[in-house]
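Should a chain be cited, it is by its letter among A, B and C, assigned in written order, with residues numbered from 1 in that chain.
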């Protein structure tokens, strides 16, 4: 279902089931969690998530649903497996970017939202469809959706299940960057910056989104970075030129 | 002041005092609370709130204000009555949509914000005017405003009291859908979806907006809906065709 | 570094070091805190913050950084001094507006975010650059950034350090008003309103942004303003005409 290449500074994680528009089978979440851990152990400084064949992800694989209907324990395992994988992705210490082409539906939106940044290509199309199927959406993913688009647009997307295009996704905040931007340019801009800074800033954003306005550990990191080698090298750089 | 028709799947609640641009008298809030309860007891699956005669609501009726100046107990009753009605509307279990034409001012904005979704027609105009009158705005409604538009735009709207049009309201998040959209299309899209899903998703959004990232009851509902009849019927549907 | 004129209803606070594009030296934060206090003690009803010479603020002065590298105590003093000044500005009881022309970088963005409202001129350009220098950004300012633009755009700005123009700043919520607006028109609209209302509404927004949905003190103020002189004068005004 997934392919991971983390031989360079960029861990490239690809949903690779294009015949199913990269719909994720129930068993796929555990595979995803393992690959996210592998990327975290590698020397990659950034994770780029994308889909093969012009689709990002059509959501959870519907062919698993009849089995979930009949088996209560399987339903709980499904929810917990999806959660574990998405949380692992959100907690990765390096920056994560979802590069989205074509369909990004249902659990595919949850996957994109688990990244720090979402880049929507011109072909991207988003829909959150549980109400169409008579099911729900995990509380953590609704929370993240409300963080990104606010409670009004969250209601619109969740209640109607209707699709929106890349431009609309950028307008309401479901995507951060739209058709004019290239993933590789964004990646290069981030890689040019100091890894220590990126890790501390990512932690700061996560704490802030959780409502934390101050944090002694962040203060200590702030002071330490001002005394550290990354700043020293950057202050030296212009003199060397 | 209000008219309610809940004979169909859509409870239509109309502000019907067009000569006063649907300004709400102090006594109107209790009437509103009662009608919201009536809609909640009906078999309606969605509530659509609108104003008669090309206005949504010009706000609280100013002709009541001199009496409020003289009577401290009446002021407290006024605040509590308004709060009770708006909270009842926010807590309704079915989706609620404000369809906004013409003036939507002061307490009219609080009324629109108490709905899940706001649809602004081309004629819609919004202003939050307490500072113009030397009064304040209820904390709960400022909180909702900040949820929808952020603290910067909230400061702009509340400090200036100036009006904005439909396009600007959509841009900053005070309205969710603008002139290109029709209320009836939005209503139809929502009614096509499963009622069980809508109720659970509405609860999820409210919890998320209150900062809840996880909730055992939502987990239980998630698992239950995957085992439920609404999904079964939807999985059957394509085979029947 | 700063100039303050609070002889009129508008306290005009100007960053006045145009040769350095108004970059703030380490010692500047204490000066700023003192001037904010002075504005608070004056009879000014609004504070307007701007930069001399076509720049808002290029950030913290880099020439101080080598000294911070060598002196741990100085780093802590630097962080605490910046924090004290920015918090004092945020806590000022009167409305505060940042009028932004030209560069607004790094700590300059934190300064602009410490105001209630941000007005971006056509020449305004924003960038948050700590990751370029291998340092971090204070937790409080990351929190404010997430309040204004959400966690996705915060990640984009902080991780890349790239600049955005006025139009983009307005689009994502980093600025509230863009090139079409004039600071003096905004100031006049706010000054036309009741000072008692503005103070109470500013307090309401701050509480709401901190997650407070209700507050007994705000209820008491709401009731009191309905019985107060500002409303009385405004209800009288039309009759006098």
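Some points to look at:
Keep in mind that, in the parts below, a residue touches a chain if its C-beta (ideal position, glycine included) is under 8 Å from a C-beta of that chain, and two chains touch if they have at least 3 such contacts.
In this text the structure is predicted, and so the values were computed from the model without any measurement.
Interchain contacts join each chain to each other chain, per the touch definition above.
For the self-contact between chain B and chain C, the two sides draw on mostly distinct residue numbers; the shared fraction is below half.
Averaging Cα coordinates per chain places chain B and chain C 32 Å apart. Counting partner chains per residue, chain A shows two or more touched chains at residues 147, 211. Chain A makes touch with chain C in their complex at residues 95, 116-118, 147-148, 173, 175-177, 186, 189-190, 192-194, 196-198, 200-202, 204-209, 211-215, 218-219, 221-223, 225-235. Residues 62, 65-66, 68-69, 72, 75-76, 78-79, 130-140, 142-143, 145-147, 150-156, 158-162, 210-211 of chain A are the ones that touch chain B when the two sit in their complex.
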